[in-house]
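Two complexes are shown next, each including chain A; its partner changes from chain B in the first to chain C in the second.
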Partner chain A sequence: MNNEIFVELKNIRKVFGSVVALDDVNFSVLKGEIHGLLGENGAGKSTLMNILYGLYSPDKGEIYIEGNKVKINSPYDSIKLGIGMVHQVSTLVPQFNAIENIILGTSEDKYRLKIEEEREKIKNISKDLGLEFPLDVKVKDLSAGLKQKIEIVRAIYRGAKLLILDEPTTSLVESEFKDLLRTLRSLVKKGVTIIFITHKMREVLEACDRVTILRRGKVQGTLDKEDMTTDNIVKMMFIEKDIKVTESALPKVELPESKKSPKPILELKDVSVESSERSVGLKNISFELYGGEILGVAAVSGNGEKDLAEIIIYPKNLNRGEIYVDGEKINGLSTLQVFSKGVFYTPEDRIKEGILPDGNLKENILLGHHSEDRFLNNKTFIKWDEVRITTVDIIKKFNVYAPSEEIIIRRLSGGNIQKVIMGRAFVNPIKLLVTHNPTSGLDVSTVEFIFEKLVETRGSGSAVLWIGEDLDELMILSDRIAVLYKGELQGIFNRDEFDKYKIGLLMIGGQR
Partner chain B sequence: MKDKKILRVILIYFLSILFAFLVISIIVSIFGYNVIKVLKTLLTTSFKTTFGFQETIKKTIPLIFTTYAYTIPFMIKFFNIGGWGQMLFGGTITAVVGLTLPYLGINFPSYIMIPLLIVTGILAGGFFGLIAGFLAAKFDINPIISTIMLNFVAVQFLNFIATNPIYRDPFEGHPITLPLPKSGTLGFIYGVPVSIIFAIISIIFVYVLIKKTKLGYEITAIGHNLDAAQKFGINFQKTILTTFFIAGALAGLGGTFEVINIHKKLIEGFAQTSGAQYGIFGVLTGLIVAGDPVGVPIAAFLMSVLLVGADALQRTMQIPVEMVFLSQALIVLFIVTFRERFLRRT
Partner chain C sequence: MLSFINSFISQTITYAVVYTLTSLGIVISGRAGIFNVAAEGIMLASASIGFIVSFLTQNAILGFIAGMIMGGIFGFILAYIHESFKVNQFILGISLVILGTGLSDLMYKLIIGVKLTAPRAPKTPLIKIPFISEIPIIQAFLNQDVIVYFLYFVILFAWWFYYRTKIGLETRAIGENPKAADVVGVNVVKRRYLSTIIGSMLIGISGAYLPIVITGTYMPDISAGRGFMAVGIAIFASWKPQRAILGGFLFAAIEVIAFRLQVISQNIPYQFFLMLPFISVLIIMMIFKKQIEYPASVGKPYSRE
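Up next, the complex of A and B:
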């Protein structure tokens, strides 16, 4: 490693709708270093790297590579400039073997694939880097670790001098992580520069030469090797440098006194969900949630928080353990049966999981209530008039800015869509609201509105299970915060024990 | 905003038909026909004579059924290419029941016989549709494949029944069954098949089902967003089964009416001639309405106008019917292309 700058991003700004994803970001990487990029979900890591890789174009700012200003409009440009990216999810063609995947799209000969000629070249690259993998086996039969090696070799084969690894350890087992570390070292020796995106503390400490920490779209700072201590990193990740920014970006909502119910509304006993390709599952989760209480679940995305929400509204998938709602066991019930016990849900991805985009507001409000007697005649015919009255009522109560209940929901703004989704949860009086990232990507006034609704729900004696990605927000509103990491409960904190440092450390896998 | 969209849709259909006719005009003029006369015959035969109109309605009825068979599964993003087979199977089983009862010496009056045969067609077609639905729901087998294969099964089954010594009419040169008993057949009013009443009932049934019932809501919700529908408690597997049953039942009903109202017996050639036409044009018409069941009757009627016009062209001007099939295919292609181009969401 020397002190020559390889890539420099200057004053990058990117806005999605009304949300500032990146604000005046300056970021530079030295030639031949492993540079960690650290931050919570939504901090802007991926957005920044997608800009560098040409998947997004910045609203403002400049990119320099080895001192020359460049314009990157697509991955095609970035590959030509020597930038390679290994995505979180494999982008290999499963039906092809390693060679076919590596040479895919690179052949200059229009009519012939030079598989045999390229075999030697690929073999040499992988031997050089110490990345061994079978060349003739279909990729779908290989492990996640091997697939990743193929992706790295593919990037190098295409001439990458800068390699961006997006959370490369997500699907790796421990021994594969060790392998990856060795690989990165040998890549650096060959003069390749690496950007390593992660949110795991240990990986930063073990793998990176320097680390840059992003928070809420701003660079908090860059630490050199000697300053990289757990202490410094957690402080920068979770505790704002500039306090004024926090105060303006977060709504002010007071958490009033409330009466806790004598018996828990939601009780999980030793709940386990098997891990799968897309999630880590849950391991022996037990907790109680009382009426009049907001329990925040703090987790970096991908640590079982989605399974937690889903297992409560669809307990048919429960492998082990018991779930009780208001003292009744709900194991094996369907979603509608759980809803009938006074539970409702707002999903994580509001567009993909929350709404019928081409449906009007009435159809969207009915979703999840479509089997309730109050909306049905003879259990068959929908009382659309009743649905309309309810929808108009929700529009009013939740300040949905919509010309009428007939409008197609897709035409509303993100905030208004979220209000409809929230409103749907309150069509009937509820005992338990399970809400997953209800505020993500919303402007401050909508966030404030949603906060008020959560506090109101809590005040009415209902329980709220709030799965969130933003620790600041959770700390404002939760009575208690539970931390999930790799599908395991790391601890539950009472409001007087809230400590950004402690909770943040547990979220990224540090020890207490 | 909504009005603007409707205008755009109308414009797309209008332009598609215009373009298709333009291409057809060029082709027929190359062959040396009088273009004006061709177009006039094609479009006005249905309305010029009573017979033409009766023929149009005769084709519209089965086409409505096979178009529904395609459209309803399409609402949950499944392609049912099996309307043809489901119709044949419904028709064949109807003939089997209608012929076996007298064979066994049982003679019901028509007020029992007709409802019995209708229910038979519904159940048989529904069962045939359900096979594809079951394979899709249980084993994730694409209905495009299963329904195409099942079409061949239905054709062979029809042949088997039509040539079966028990049912076959020994005095006919071609494999044709004995005629159904009079109590098991429907007649015509003013030259229009009585089955039109049942077609109208079916139109109302489908409309109410889709727009007013819980099941219709579940189908619509799955079509809009499968993930959200499942998250909020809609059972996808169950809905696949129900939609394929309903699709098959409607197609089967179409087959029943062809047998008891038009042919009054089971004809082997039905599978390849008019049966195949309704099967294939059901898919084509379904492509035009693109999953909107409300448009089905109108689209089926307009399609029939072209089909009747095509027959007339062949009779009066010796232009092969295939020419008209070409224009219909072009209309569909233009509509699908224009729709992709001008209505796609941003």
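Up next, the complex of A and C:
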């Protein structure tokens, strides 16, 4: 690393509708460094990098590469300037194999498809970087980790001198993160400059030479390696908030002693779900979950975790195995019948599965409670006044930032939508909460709020089944963690056995 | 018997041109992510203009070119309104069907007017390959007009383009995941325009083929739902050009069979046979439901932000 500036962004401003995503941002990266771009979700990190990559055009501002002012209108331009980006969500074509994906879009020789000639070149690059993956398998059949390797090789194949990685660790487990670090170091040795976007402090401390911290669309400052301490970073990331955070920038929430119920609230016995095109299904899942306990289910997305949640709230689909809630068998029941046993569910995709986006808050709160007698006259007509009272109550108790209960829910922020979904689960006293990735994409204060709600639920003697893919989160709050891989239970760990490396390895199918 | 087979195949091929070219046009725009359900309207408008031009100039080829241009215009409108205003492709497609239907009769009445005897289209040039075109059976395939040969060429070209060239690979990528194509520097909007316009041009030629070759004269609603059936064929073909020809021939054969049965049977009302191709689409779709693959993003608008 020397002190030559490779990329400089000056006075960048970007507005989406009425939201100022970036405001007068200045950002520069030195040649040959790993530069961290740190900030909470929604701080503007991805927006800034998408501008550099040409996907968004800035409303104001200039970009300089090696001192020359450049105009980047599309990824086509940025690739020509030697910029490569690995996006947070895979941008590979699922139906194509790795080679096809890698040669896609390269500019020279438009007509000929030189698969065999390129194969050697791609093989060499991946061997050189230590990033091996199958070349002839359709990408949709590969894991998230492999897809990321393909994207890195693709960027290098196309001559990237600057590699932008957008939240590269989102779907990686601990051991894969270490591998990624090694790759990045070897890339730097080859003269590649790297921008590493993340919201996790620990990753910045481990991986980066310098770090720039963004907050609400503004740069808070850039720290050199010697100034990079947890204290300094926390101060810059969450200025006015009084939040205690862990190294992974997660809120620190205490897990107090709680009383375990004598009998399990939820019991699964040999539950199997057929695999289908959309999922791997479940194979002989058995476990018990007691009241006053949070059971975390750790699974990389697509390993049957969705089936697990859905089979509990919709046991009509259950053909093999038995599920008991509070000692009662629920096989064959409909979702509303399960809910009437004191179960509630908050789905993973809050917009698509959790709400009626164009409905108001009252209608959304009623959802799932719509056949309860307390909200119905003569079992038919909705008592909207009753619904309104409940909604107002939830808005207050869950600190939902909403002007009124009549507002259309999609106008709220993600965090507020999640609070409404959470609030809906607690309309009635519940015995079991099934919650799937409740914190994804939320800012720290909302995450803290949701953590506290989960702890409160546990403290009241209810059981929480928390399905998640962020092991850091699960380790903070779970009493036990179950690992699910390819629809099979890999083991259940007690709190004193939590080991990030070991559990992470199981999540990607490693041996114990 | 041989002459029966020959005439059956030959007639089937004539109808297959309509089905295959149209569904190929739909496949081509679909591969870039645009679901062209306007085919019926494009066919009607092109049939009308194609007939008018060929009748006035007494040159069939000019008629086909006119139909092709009309198709291109429709394709441009479809792409422009969709890409610029993100209007739902299906609503847009259906609107264009209505526009094409209205336009077809309007143009004919304005330019040709009402005639006592139906005006006839000029003959379309035939291409005969010496010797080969006289072998029985093969004769049916090769003793045909220029558009049939054009169809053979387009199918081969389309297959080669999508599966053997890099821009073909890129175009398929757009239909699967436009973002993926965008981030590697492929101009998604430009490709969508091109694919939709070229696809619609093929549909236009197919529309002009109806009055110029099949009926020899123009009549209202001449495409009789074949544009919608071609949508079914494109789906049945899993959006693969080489399979569109299979579907095209299958439906053409069903139509010809229905047509012949109509002539020989007296007790069954003829409407029943007219209905056969449509019923077959439903049945075939039900049977092959599991085998059908879609480009993942067909019908979905794409924008970066």
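Things to note:
The criterion applied here is as follows: the second predicted complex is superposed on the first by the 265 of 512 C-alpha atoms of A that agree within 3 Å, B and C clash if a C-alpha of one lies under 4 Å from a C-alpha of the other, contacts with A are read in each partner's own complex, and residues count from 1 in each chain.
The rule is short, and it goes like this: a residue touches a chain if its C-beta (ideal position, glycine included) is under 8 Å from a C-beta of that chain, and two chains touch if they have at least 3 such contacts.
No experiment lies behind these values; they were computed from the predicted model shown.
By the document's definition of touching, neither partner reaches A:Asp179: not chain B, not chain C. In the superposition on chain A, A:Pro347 makes contact with chain B only, not with chain C. When the two structures are aligned on the shared chain, A:Asp166 is found in touch with neither chain B nor chain C. Of the two partner chains, chain C is the only one that A:Pro94 touches; chain B does not reach it. Once chain A of one complex is fitted onto chain A of the other, the partner contacts of A:Glu203 are absent, as it touches neither chain B nor chain C. Contacts of A:Gly359 after superposition on the shared chain: chain B is touched, whereas chain C is not. The residues of chain B lying in touch with chain A in their complex are 1, 212-215, 217-218, 220-221, 224-225, 227-229, 231-235, 345.
Looking at the complex, you find that chain A touches chain C at residues 16, 53, 55-56, 74-76, 79-80, 85, 87, 91-96, 100-101, 103-107, 109-114, 154, 158. Of all residues in chain A, only 313, 334-336, 339, 345, 347, 352-359, 363, 366-368, 370-371, 376, 379-382, 384, 410-411 touch chain B in the complex they form. Those residues of chain C that touch chain A in the complex are listed here as 164-170, 172-173, 176-177, 179-187, 296, 304-305.
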